[in-house]
Each structure stands twice: as structure tokens, then as C-alpha cells.
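Have a look at the structure below before the remarks.
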Amino acid sequence: MPDAPREPLNHWVLTFVCADRPGIVHAISGAIVSARGNITESQQFSSADTGRFFMRLQVESPGDRAEFEAVLVPIAEEYEMTWRLDDVGRPLRTLVLASTAAHCVNDLLFRQRAGQLSVEIPLVLSNHGTLRDIAAFYGVPFESRPVTDAASKAAFERRILEVVDEFDIELVVLARYMQILSPELCERLAGRAINIHHSFLPGFKGANPYRQAHARGVKLIGATAHFVTSDLDEGPIIEQNVVRVDHSRSASELVAIGQDEESRTLTQAVKWFAEDRVLLDGARTIIFK
Amino acid sequence: MPDAPREPLNHWVLTFVCADRPGIVHAISGAIVSARGNITESQQFSSADTGRFFMRLQVESPGDRAEFEAVLVPIAEEYEMTWRLDDVGRPLRTLVLASTAAHCVNDLLFRQRAGQLSVEIPLVLSNHGTLRDIAAFYGVPFESRPVTDAASKAAFERRILEVVDEFDIELVVLARYMQILSPELCERLAGRAINIHHSFLPGFKGANPYRQAHARGVKLIGATAHFVTSDLDEGPIIEQNVVRVDHSRSASELVAIGQDEESRTLTQAVKWFAEDRVLLDGARTIIFK
Amino acid sequence: MPDAPREPLNHWVLTFVCADRPGIVHAISGAIVSARGNITESQQFSSADTGRFFMRLQVESPGDRAEFEAVLVPIAEEYEMTWRLDDVGRPLRTLVLASTAAHCVNDLLFRQRAGQLSVEIPLVLSNHGTLRDIAAFYGVPFESRPVTDAASKAAFERRILEVVDEFDIELVVLARYMQILSPELCERLAGRAINIHHSFLPGFKGANPYRQAHARGVKLIGATAHFVTSDLDEGPIIEQNVVRVDHSRSASELVAIGQDEESRTLTQAVKWFAEDRVLLDGARTIIFK
Amino acid sequence: MPDAPREPLNHWVLTFVCADRPGIVHAISGAIVSARGNITESQQFSSADTGRFFMRLQVESPGDRAEFEAVLVPIAEEYEMTWRLDDVGRPLRTLVLASTAAHCVNDLLFRQRAGQLSVEIPLVLSNHGTLRDIAAFYGVPFESRPVTDAASKAAFERRILEVVDEFDIELVVLARYMQILSPELCERLAGRAINIHHSFLPGFKGANPYRQAHARGVKLIGATAHFVTSDLDEGPIIEQNVVRVDHSRSASELVAIGQDEESRTLTQAVKWFAEDRVLLDGARTIIFK
């Protein structure tokens, strides 16, 4: 590759899903070679449950998108792939929904600013004004609209969709947003909305899981980041963490302890999603870490 | 204490529970001083849920049991304590129930022989003959009786109670014993029978939790050691552990991975129980590690 | 205790260290009873290494400090105790030293404001101006003074001591402060200065531990919070954490991964110290969690 | 693939290392297609440190070894690969060296018999007779030879090499074998001998690491499985684990706690090696989990 240093290299991330059959890797790697690409990262998975094949590749190449797409499209058609090609590290356009709890929003904004999380956040939208200062500190626009009844809730959801359209939002993050989304909105955001549940799922669902955890005397508490579906707390799981607790902890102490797990679990899920590492296989996720 | 080196020291573990009120620690520590004891380990907990006070003490003293009881009994009566005084390190008389799975039984027997688990096991009682060789290797008596219908199941349970009486059994361990105990037997063994559940409770209950875990795509699987109650899988939790898994694991691989958590979780629970570190506070356990 | 509801209760934390001998617990608990106190939390440890006895008690009582001290002082003298009596939850006066890295300072300030960390911070003192905005956001005074040579370094250290005196500082936290303190200053701050080392000690010491960790191919990286002593990186360890990494991580990725461990490890150590849970036993720490 | 169901499928694991350059994946995947293979698992890594490319593939194919080698050899020559083709699940011929400690040997033999560890063990060779019964229980030949001086040590090492030759040993496991191997033997076994070090490396090296850990008051203790090299305790690290401890643990308790980490860390390293998941990149290992 004597010419490589002369041309600037582009860095692509390619993900695709198709029915599993022999020859896929050979076909794709041939296309990459012919677009002057070098594979720098590669992960694949064949799902015995659904018979589908999942792959994520990172490729460096002097070629531009047009050159790449020219070789990929015929293969994608032949193998009936669902695919996505993106620049490595392009910040994902992300809408953050919040209520009053600060820990998840603070962690997302701090890491975004520290360069550890490849997202851009055009808006934090909340049903309370509590987090206005934190958003301002990080220079992120903030908007609050009260949700007090069915009408204001519907208006809030319409506003979500407006923002999604206006900013071409790719991911909606429910950062301890304490409202249940309507089935219609869940449907509209399917596969691009992530929620943090303040319990190790399956487990204590619904309200006050920490109180339930205390009553049951569990020795570990946790948090679960999952895709939003209309089936509450049953969406595909992206990440889970737990932390050890003992009998001396009150229910309110469990809340404080659990918040650390919530924020790190949600941020991790957003990070993987922003790096195209999360693919859906029916009710399960494939995570190419 | 100029005389201390001349007399051999006894080592006692004292646990008690009573209604919480001021002065308990002073009263108990005074009794210990008057029985020439020195406190070497002490833990206590006041339960805000039940208003009860729990304490565990280890004491070294040249005094014998009679000397100790003479000072303890009046205080125990005054404070209406439930209490227990035992020699530190006395092996607990333990009956192990098993079926065909070897991992939990092997771990218990290996650690008992290695001196890490202070139990003596007069019998492994199983509804299958599979583990006869393992028991023989560790020099532990083994007995198998088929359970195929209601009559043989009742006979098996009668045999359990016979063994409990004959050997004055203090703890019954269900080491992946795959039969549900009758409510009557659960009642008889209340507070002295420990089961290992092959899931992180609350969570996937009943049969095949690993298959459920796989279908749900969880990122952590676990095990729970709990007291046996007639309310299946709902007894007070003693210990829980989890391990990280990913999408590439089949349900059968989850089984193998989970078995390690099962055996170490069960052994840990038995070890704490044998050391008088597990006390009951309603539906919760107090663990004085 | 019929009078208890009528008087407001004070909450005390009492820690003490003395030579181990029988009767200490009885003497102390007697003093507490006579000062109308109820023990709500109690931990003790007898060090086989040094023959010293350590205890931490939380007590609620309608009595004031004078009443408490009146009964404690005679016992403290009799047993030659080093002791400390404080209000539970009183914020510890804490000076934060920083350089350019934000993660530890941000975590300390965020948790202090969120009410999870019982400290008050009259000043963040830095040899760089980088963190001025973060301090301002959390409403904490900030001062920067360049350290470029021996003279400016000595001036910086004099300023540290001025601040310690002016605000009666109880704890100095080196939150990734990248200067080595002089032996004289270490001596002056002995037992009340905590540093975060960006490695799992003992291990990679000195500069660039993450580069060393990468070169060695370690599978876990970590962080260590320890007391500052003139013997660099050898002060008594307060807390350590590790996180799993694999071969695919570059040295610079290890830095980013390790920063999370650094900030949570340092914050944990500060939290325990502020709650009087950290006692020194020679070169080791006793942590009453 | 209409014929696939008619022929039995072979399962191959292919690993190779070569200089990194574009086209490798395409060339290999083309060879696999032409040998009628389907890739079921694939992992790769490009080392920025050494410029080398590492790959591990699992392939199912009706073709036999000859058919596979016919297509692989030309590519291996073109790219100057070091490569290895093996049947998935073939038990690795493994020699276990031991002294008196039982925990690592017991774990290896138990898991081998439970079908969790794909090794066959023609001999446990020890400088003590202590573990004869455990080996006998698992039906593994056992041989002990005292090592008391230079001559008996040299004889022991000669016996190791005899056994390696006689049984065509692929892996030598030092399961708490308490003798230092001579540089010559280390050289002979380079890349195929794994040791368990009873500490988290880098850290406490040499004798009595648990005593050092106690003296230093560390909050986590661990174990490290690494390749044997003549530079003691400095061989490439394969796996590490840690467990949390506190001030109350004596040095001898740390030993008991650490043994669990030792046995699970060593068994994990052996399992990965037996599955061709461990490759060497200079002083570091690549682990394709």
C-alpha cells in the first residue's frame, strides 16, 4: 500500500443483517477490498434463534462514500441485507427526555462534553424545570412543559415528535423521564428510544422497585437499559449492572446507591448505540462491544 | 488479666434478638465481663422495619458454658431475648439433599474436607443414585430412594425427618434437589433449610429459568440462596451472585455458566449459617459477615 | 424511655482507639447509657498486628455534647483512648487540590451538591485554570496559581497551609493534583490528606501507569485511594477498584476507562473519611463501612 | 446449499497470525467458501504495537482436512501466516504439575470430568504424594517424585520432558507447582506452559504475596494466570481476577479467599487455551473469548 500515506483515510462503520448462509463474509470482504478498504474491526454473530446473520465492520479507506456504496449496494441486494454505513465517530443526534432527577442527565452531558460519548444533544426536554441549570452549564438547550393531564401529555408527545423531525433525531433517551409514553409514540420511536429502568429486570417492575427490593431483602440491586416498547419494561435489554447491598440499607439508601448504576448503565447503552454496536434480533439485542 | 495465659481459652459465639431499647449492649457486655470474657468480634443491627435488635458476638474466656449461662440467662429473660450460645467452629450437623446435578454437592463436600466449611454431613440423601461415587470419594454416607409418585415422595419426606431426628440435624441443604417439599415439611424445617434457586430472584421463577433468561436476552445471570418456605422461591434471601453473559450464549451455555454461581452462592450461604451469621427479621435476613 | 419523644434527639458519631483489653465495650456502653444514649450503629476491630482496639459508634440521645463528654472523658483517660466525637452528618471542611483533569473534581462537586457527600468545600486550589468553570457552576470558589519552578511550588504549598489554617480544613483531597508534595507538607497533613493513584497499587507506580498496563497486557486496571505520606504511593490504602479490559484497548483508551475508577474510588474514600469510618492501624486502614 | 443436510459436517477452528495488510479476510473467506465452509464464529485483531494481524475462525463444512488444507496452504504461504487448524472440541493433551495444594488440581479434574474443560490429562506429576487420592478419584494417573536437591530437581525436569514426548503433550499446567522451572525447561515449553500466580500481577511477587497484601492493607486480592517464561512472574498474562477483602482478614484468611480466585483463574486460562483462543503478541496475549 505505498499510496496510502498520500491520501487521507476515511473511517467507516458498516453494520448489516441478513439471512444466514455461506459466502456472506467473502462477498462483503471482497467489496471492501475493491473499494480500497482495510478492515480494522470485525464482529459477527449467527443467531440460532432466528437464522439471521449480524455483522459490524470498521474499515479505513481512501475511498469516499460513493465509491463504497457502489460496491456494497449490489451485495446488499443479493443477500437482502438491512444495512447502515456511517462515519466512525460522527456524533449521533440525540434528544434527552427528563423529569426532575439529575444523575442520568448529568452523566450524559458530562461525558458528552468530556469527549467520551459521541452524541450531540440539540435539546433536553423535560416535564419539569428542575434541570435547567445543569443543561445551561453544559451549554445544551433546555425546554420544560408541564404534564398534568391527558391534554398536556398529548401536547408533550407532539412536541417530542416535532423535535425529532426538526433536528432529524436518531436517538431518544429517557433519562429518568417519569411518564409512560403512549403506544403510538412507542411505535413511532421503535428501535431508536432507550429507557433506563431502576431495577434489575426481570424483577421489580412498575413503581418503587427499591422499596420492593428492600422488603424482599435482596443482596444485589441493579439497573437495566432497554429499548422502549409499548409493553412497559419488556423492551429488548441493552445493558444491566448490579451492585451489592446488605440488610443495613434503608429503601431510601437503596435509591441513592441505585442511581449510580442507573446513570452508568444508561450512558453505556447510549454509547454503544451511538457507535452502531447495538442490533436487534427479535426480542433480544446483539451487542458488538 | 494476669491469669489469662494460665487457663485455656474457650471461644464462644453468642447471637440474640430482642425488642430494641437502650441499654442492651451495656447489659450484655457487662455479663461478658463478669464471665471473664473478651469480645473479639461484635456486630449489631436495629431493624427500623420490625423494631427488633440483632446482635452477634464472639467472645474468648477461660470460663465454661455454665459460667457463661449463669450470667446470660437473667439478662435474656429481662430483655426477652431469643438467644443462642455455641462454640466457635463447632461443625454444624447438616443433611444434604440432592438429585442428579453434581456441582453443588461437589463444592460442599470439597470445601468441607478442605476445612473451609464448618459442617459435618452424616448423609447425602438423593432421589437418584448418580452422586454415589462423589459422596464415597469424600467419605460421606449416601442413600438414594426413588421418588416417582405421591407415595414414594411421602416416603422420601418421612425419611428426611427420620434422618433429622436420628442425627439431630441442624441444617438441611437442598443442593439442587429437584423436588418441591410439602408445606408440612417446609413448616417442620422452617429457618433451618436452605435452597439454591438457579436464577437471580426475583426474576425467572419456576422451571427453566435459563431458557427464559436466554429468550429475554439478559446481560447478567445469577443464583439465589434462600430459606425454604412453603411459598415456593419466596423464602428469605441469604445470598445472591451474578455473572455477565452476552448474546452469543445459548440457553444450554447459560446453564453451565450459571452452575458456578449456584455452587458458590449455596456454599457461601451454608458457611454463614454454620457460623451463626444469618438471622431472620421477618421476610428478610440479617447477615453478619 | 417515655421522655424521648419530648426532647429532640442529637446524633453522635464516636470513634476511638486504645490498647485492646477486656471491659472496653462495657465501659463505653455504660457511659452511653448514663448519657441517655441509644447505640444505633456499632463496629469494632481488634488488631492482631498492633494489639490495638478500634471502635466506631453512632448514638442518638437527647443529651448535648457537654453531657456526653462528661461521661466519656474519664473512660478515655482510664483506657488511654484517642477519641473523636462529632455530629452525624456535619459537613467536613475539605480543600480540593486539582490540576487539569476534570473527572475527579466533577464527581466530588456533583455528589456534594446532590447531598451524597457530606463535605463543604471552601476552595478548589489548582496549579492550572482549566477547572474554573466547573467550580463556578457548582458555586465553589476557585483559585489557580502556576507551579513552574521550585519557588512557585513552595509558594503553592505555603498557600495550601494558609487555606488549611484560614478555613480550619479537616481534609485535603488531591483530585488528580499532578505535583508531588514536599515531605514537610506531607508531614503537616499526615492522616488528613487523601490522594488518588491511577493504578491498582501495588503495581504500576510513577508516571504513565496505563502505558505500563498496556505494555504488560493486564486484564484488569484499577485505581487506589490512599493517605498521602512522604513515601510516594506507599501511604495506607483506603479503597481500590478495578475494571476488566482486554487486548483491544490502546493505552489512551485505558486512560479513559481508568478515569471512571479513579473518580468513584476517590469519592468513596472521601465519603468514608467524612463519615469517620476510616481509622489508621500502622500502615493499614480500618474501614468501618 | 441443498446438499448440506446429506453430508455430516466437520467443525474446524482456524487461527492464524501474519503481518497486517488489506485483503487478508477476503482471501481467507474465499478459501473457506471454496472448501464448502460456513463461518460460524469469527474474531480478529490488528495490533498497533507489532503491526501483526490475528484471526480466529470457527467453520462448519462437509469437507475433510485434506480439502481444507489444499485451499489454505497457498494463502498461508502468500501471507506468510503462522497458522493452526484443529477440530473444534478435540481434548488437548495436558500434563498437570502439582505439589501439595489441592484446590487448582481439584477444579481442573472436576471440570474436565463434568465436560466443561476440553482437555485429556494423561498424568498428574507431583513432587509430593498428597494429591494421589484426588487423582485416583477422577481416574487420572498420578506420579510423585521428591524434589529435594539439585539432582532430584533435574531428574524431575527430565521426567517432565519424557512425559511431554511420550504423550505428545500440548499444554503443561503448573497447578500450584511450587518449584521454579529451569531456564532451559522454560525455553523448551515456551508458549505451552501456563502458571497460576497467587497475586494480582504486577504486584506482590515472589514468596508469600498474601502476607505482603495483608501488611499493605490492600482492599482487593487476586490471582494471575500467565505463560511461563524464564523471567519469573513476568510471562504474558492470560487472565486475572480479584476479590474484595477488608481489614478484618488475617494473612491466612487471605490465603483461603485467594485460592478460589486461583483455581477459577487457572481453569479459565486453560479452557481458553484448549479452545485455541489465546494468541501471543510479543509480551501480551490476544484472547478471543
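Each chain carries a letter (A, B, C and D) given by its place in the written order, and its residues are counted from 1.
Convention: a residue touches a chain if its C-beta (ideal position, glycine included) is under 8 Å from a C-beta of that chain, and two chains touch if they have at least 3 such contacts.
These numbers come from a predicted model, not from an experiment.
S.K.: Which of these pairs, C-D, B-C or B-D, matches A-B in more than half of the residue pairs in contact?
M.R.: From the options C-D, B-C or B-D, the copy of A-B is C-D.
S.K.: Look at the interfaces A-D and A-C and say which one is made up of more C-beta pairs in contact.
M.R.: Per the contact counts, A-D leads.
S.K.: From the mean C-alpha coordinate of chain A to that of chain C, what's the distance rounded to whole Å?
M.R.: Chain centroid spacing, chain A to chain C, equals 37 Å.
S.K.: At which residue positions does chain A touch at least two other chains?
M.R.: In chain A, no residue touches two or more other chains.
S.K.: Please give the residue numbers of chain C that touch chain D in the complex, ascending.
M.R.: Interface residues on chain C, with respect to chain D: 45, 48, 200-204, 212, 215-220, 222, 236-242, 246-248, 250, 281, 283-287, 289.
S.K.: Which residues, counting only chain B, touch chain C once they are in their complex?
M.R.: Within the complex, chain B touches chain C at residues 1, 21-23, 25-26, 29-30, 32-33, 36-44, 46.
S.K.: Can you list the chain C residues touching chain A in their complex?
M.R.: Per the stated touch rule, the residues are 102-103, 106, 110, 114, 116, 137, 256, 260, 264.
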